[in-house]
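Reading through the structure tokens given below for one structure.
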Amino acid sequence: MQRETLHRLLRDMMLSRVFEERAAEEYTKGNIVGFLHLYPGEEAVGVGVITAATPSDYIVSTYREHGHALARGVPARQVMAELFGRATGMSGGMGGSMHMFDRERRFMGGYAIVGETCPIAIGVAYSVMLKNLPEAVICFMGDGAVNQGTFHESLNMAGLWRLPILFVCENNHYAIGTEIHRHSAVPEVHKRVAAYNIPAEKIDGMDVLKVHAAAKAALDHIRRGGGRQFIECETYRYRGHSMADAGAYRPAVEVKAYQAIDPLSITIRNLELKYPTASELAKVGTDNIGKLTAHMLSEGHVEHEEIEALKQEVQKAVDDAVAFALDSAQPTMDDAWRHLTCNRHREILI
Amino acid sequence: MQRETLHRLLRDMMLSRVFEERAAEEYTKGNIVGFLHLYPGEEAVGVGVITAATPSDYIVSTYREHGHALARGVPARQVMAELFGRATGMSGGMGGSMHMFDRERRFMGGYAIVGETCPIAIGVAYSVMLKNLPEAVICFMGDGAVNQGTFHESLNMAGLWRLPILFVCENNHYAIGTEIHRHSAVPEVHKRVAAYNIPAEKIDGMDVLKVHAAAKAALDHIRRGGGRQFIECETYRYRGHSMADAGAYRPAVEVKAYQAIDPLSITIRNLELKYPTASELAKVGTDNIGKLTAHMLSEGHVEHEEIEALKQEVQKAVDDAVAFALDSAQPTMDDAWRHLTCNRHREILI
Amino acid sequence: MSQELLYWQALNQAMDAEMEADESVFTLGEDVGLYGGSYRVTEGLYAKYGEWRVRDTPISENSFTGLGVGAAIAGSRPVVEIMTINFALLALDSIVNAAAKIPFMSGGQFPMPLVVRVPTGVARQLAAQHAQRFESMFMNVPGLRVAVPATPQDAYWQLRQAVASDEPIVLLEHELLYFSKGEVDTLADPPPMHRAAVRRAGRDLTIVSYSRMAMLALEAANTLAKEGIEAEVIDLRSLSPIDFDTCAASVDRTHRLLIVEEDGKFGGVGGEIAASLGERCFFSLDAPVRRVAGLDLPIAYNGAIEAASIPRVPDIVEAARALHKSAQQ
Amino acid sequence: MSQELLYWQALNQAMDAEMEADESVFTLGEDVGLYGGSYRVTEGLYAKYGEWRVRDTPISENSFTGLGVGAAIAGSRPVVEIMTINFALLALDSIVNAAAKIPFMSGGQFPMPLVVRVPTGVARQLAAQHAQRFESMFMNVPGLRVAVPATPQDAYWQLRQAVASDEPIVLLEHELLYFSKGEVDTLADPPPMHRAAVRRAGRDLTIVSYSRMAMLALEAANTLAKEGIEAEVIDLRSLSPIDFDTCAASVDRTHRLLIVEEDGKFGGVGGEIAASLGERCFFSLDAPVRRVAGLDLPIAYNGAIEAASIPRVPDIVEAARALHKSAQQ
């Protein structure tokens, strides 16, 4: 893996974390209203997957998508401005936290109806097939979404027609207050996918390198015409379901245990590791970890100072985003009507 | 198996066959209108399963349910009268072919929205659990229904809560004109059920004895508290999807091949077989077929004359049903309004 | 070039023309391909355009409609067939929560050239789960359009216009109209998609209707004419938007309004029409607006009860007569 | 015994009372159990009645609502909570095709003691997919009843009445009412479930409204009173059936009707009210029936646009004033 990619992974995760914590603050201040679902703890999934995509790939996401949009390269300013409901936001202030869209970046939206990403994403994939292009579609969903009928229906069609789509289940073990063992008869999501003739695997969603590698392999395979893939990423959200939820249904020991494997700290720790020399490594052989270590070594690792610099860069970006959002104009009623009729062109209806 | 049961299986299958062929005739005459989905070819499934139920079990069925109602013991008169839309029909002429109900016999209805039987049946099963009774619910569905979201959602809940329910998939390989390989990414239905922690097996749906035995074992298990079971019965419909469909999408050789294994002829042939003596059998060993043969032998088999008598009995029942239906009164508008408000009792609404 | 066509044939030709003209147009639904469509609308297209552009789907209404939504935002032009309106309830999430909302909630970024074709209405003894109408459910959804062609010509025009439009449109096709016959001119310029048609001019009262009932209203008008009552018959052609201008102009002349609809009266389409025109034409109305509508009763299998549950020509005639009389007092 | 309760507490007490009185009553929905319900309506019930009677479900709206239908025909009395109306679209098949049809299409054999409780309405900046209303969708469904309690007392009464009834009922609870306060008398005899309440008497015009908007209409009436305009405010309490008698009696006295609804105007609830009362009170109306309603625009996330998209007290005051003036000309 390129040193550049490693840095990007780290930076995107940091940005997502800092962005979300700031969003929580702005929510408390009343600058952001409505439902706000935050991503801390799950950054390795979104960042690992989306950095593996090319600009020609498509992304379909849920209401927990700020980190996804940021990883896709949407400027923090536009993401924050959307949270503030401003005209400069990704969706012109019409969508808010749960409905971020960026057509140019093929960020096909955040959807707030659980399970809705599946049919929409297979539709995008179907369109890719019709156009016969080497493009892939990424479809995010939570563990709770797996029990929605649309998951089943859509995966069946994706499997049946071998659509160019990568399904990514962000399994954080909870659907709001309901733990996966209490909502799924078979809690191993990737096993359920066997019903659809879709290759599926489970990935450690706290490890951004593993997620990135799996997504990259899957997307390459898809773009080469291999069709539908599924990865289940086991992860954890550190906060409640949304700002309206204190998360009191989770044992404190569980939250603590997952905080100990914070994907950000792990990535930093990994990158900072003093690696063995190449000859030392050769002696160890090519076991899994060795392989990765060797790879990382050959690319070099980050210095402590670089991490500090990244932290500052990210903090600045978020501060700037908030300032931008605060400065931005509110959309008007005219804007709203214009958005509703945006596809009417000069069509005469009556 | 009791000789009595064997005779009942044969009789119910014959009745279903003769009833349906007559219904087709009456449709052509205009006595039956609307959608009429017939059952010839699939009798071994409905008869095998339903004869395994006790009166305290519940049945939830589809729009292809005449044979199910007959096997449940609903008099042919009431089934035919419903097809004729008469007040004496199972549903007072309100439901017709697709909506036959018999509360007393716990025949909880025929439903015409594909996939709808699943949620309704798990609801009946949930109610059984609440009442803590040793009762089972039988839920029928077609192979096409498996792709409906409700199948997935309902089976997950049945598996999660171990509801007392037997799902029976009548896999006749077609959803109207679409063959199973063209509608399901994984055409082995019973394999898809692994996603829900529900024990599932595939049964030869052309063999009434096998179906009956599997259903009986499953239902006994359920009533003893073992919870949810699934059987996929492979079968075939000889006619088109409904009277409106000529079935031209199926190769003639396929239809012919399945006609050669007509479940009725097979049952009759089996019952008529000259069996080896017990000692001859003992020498053969206890292979599968041997076991069954031995069992049947010990119970005795039918004579050719008995079959003729059965045929006549069944024919008479169907003739009588048609006469009854023709003689019956039409429901009135008052009846219709009364049915709509049947649950209002003496409630004052406004 | 005018030919006599059945309604389904007109739709079939419109589909063919659009698919031929634009590669991004495709259709999908249960049995639309190999089978040729339950009402033959897609007949012949599978052989001509192949399985990717004429796609047989599993029985998964919400997801294959949602597939259409996704394809539409990715630049394709899907025509989804839902086998009947009764199953469209399963797909409302995709139609209402997704298709109708995405252009707006994305801040105007995405087109939504989605057409959802749906056979609907009371046909012949299909019973309660197969004889629903639900038109009004689609009206209270901003961002969605609803068209209700009553003639082969309109079926041809409106399907083509729907496919060409970048807004999501539900096309409701009455099941008993598929085998009705009419002249279809495939070259003539169509009127705007949502403009109402005055099917018959008259001075004594205005009958506003749509889809199959508009045809029954015409029959009723002919009967009424024999009694000297001249009814103007307006076929709305569209239920969202509704061409209230055409209706109001008529009512202002005739001073009486009768609405004929097949759906149940309570909460049905007629309520909106009566409310809007009742407000707008308040001072020109000589009598209360009347609605002849389906009974607020599920449709029974029994043929006689079914027939009595929706308006028949004599019901319309009688109501028009009563309205005409009351207005003269 | 009268106490001051929040709306959600009134519902909670009603649930508790019904569950205690009848073992066959149970409730289910997403996070109704351990979590206590998104709006706290089921708080405390899981600990008290156990997981079988207070069942947390997977996110499977159509099937857990259908589960309620099945349980109802098997003799239980389910109270299904759908987390919000927006997701109820996914469950319409179970509500409309199954619950509303089974008693009828079985020829009157089965009870359908199903209650579907649904938080609804425009709350605070939840955007287009979480701020819908859809009341009118449930009205055009014979066999279904729809109640819309606006006060804690009505919430208490109507939920208890709904559970006791053998007909399927959708209970629409406005999300902004859950934390409204009011006196609740748990021992008093309730009025019939679907009877409208005259919340304020007045001679100058009739305002018909329901749910949260009825409360806004009352506020508006107080402002109007200061100008000498006495508005009669009717809270419908039920949308199916609608108590038109109470409304008509009022309109016949005031000669003016203003309808206030939060849902979009086109194809909304107000259309049916205006149509029915417009016909019935035609000769006593001095001015056209007016509707103050939500805009026919999806709800934007932006707070100011959201607020401008549904009626506010000044909008009602202004419309009432204009109606009052026009009627005097």
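Order of writing sets the chain letters: A, B, C and D. Residues in each chain are counted from 1.
Basically, contacts are C-beta pairs under 8 Å (C-beta built on N, C-alpha and C of every residue); 3 or more make two chains touch, one makes a residue touch a chain.
Being a predicted model, the structure only gives us computed values, none of them experimental.
K.L.:
Looking only at C-beta pairs in contact, point me to the busier pair out of B-D and B-C.
P.N.:
Ranking B-D and B-C by C-beta contacts puts B-D first.
K.L.:
Where the centre means the average of the CA atoms, what chain is farthest from subunit D?
P.N.:
So the chain farthest away from subunit D turns out to be B.
K.L.:
Express in whole angstrom the distance between the two chain centres, defined as the mean CA positions of subunit A and subunit B.
P.N.:
47
K.L.:
Averaged over CA atoms, how far is the centre of subunit A from the centre of subunit C? Could you give it in whole Å?
P.N.:
Measuring from centre to centre gives 42 Å for this pair.
K.L.:
Identify all positions of subunit C at which a residue touches two or more other chains, and write them in rising order.
P.N.:
Only 57-58, 60, 62-63, 86, 90, 93, 97, 104-105, 127-129, 142-143, 297-298, 300-301 qualify.
K.L.:
At least two other chains touched by the same residue of subunit B: list those residues.
P.N.:
Answer for subunit B, listing residues that touch two or more other chains: 91, 93-95, 99, 111, 113, 147-150, 153, 156-157, 160, 182-184, 336, 340.
K.L.:
In their shared complex, at which residues does subunit B touch subunit A?
P.N.:
Counting only subunit B, the residues touching subunit A are 147-153, 155-160, 182-186, 191-192, 194-198.
K.L.:
Show me the residue ranges of subunit C that touch subunit D in the complex, using the header's touch definition.
P.N.:
Where subunit C meets subunit D, its residues are 62, 86, 89-90, 92-93, 96-97, 100-101, 104-105, 127-129, 132, 134, 136-137, 139-143, 240, 263-264, 266-276, 278-280, 282-283, 285, 287-291, 295-298, 300-301.
K.L.:
Spell out the part of subunit A that touches subunit D in their complex, as residue ranges.
P.N.:
Those residues of subunit A that touch subunit D are 33-35, 82, 85-86, 91, 93-99, 111-115, 144-145, 147-149, 175-178, 182-184, 249, 330-333, 335-337, 340.
K.L.:
Could you list, by residue number, the parts of subunit A that touch subunit C in their complex?
P.N.:
58, 60, 89-95, 99, 101-103, 108-109, 111, 113, 116, 118-131, 149-150, 153-154, 156-157, 160, 336, 338-340, 342-345, 347-350
K.L.:
Provide the residue numbers of subunit D that touch subunit B in the complex, in ascending order.
P.N.:
Subunit D reaches subunit B through residues 23-24, 26, 52-53, 57-58, 60, 62-76, 78, 93-94, 97-98, 102-113, 142-143, 145, 165-167, 192-195, 238, 241, 243, 245.
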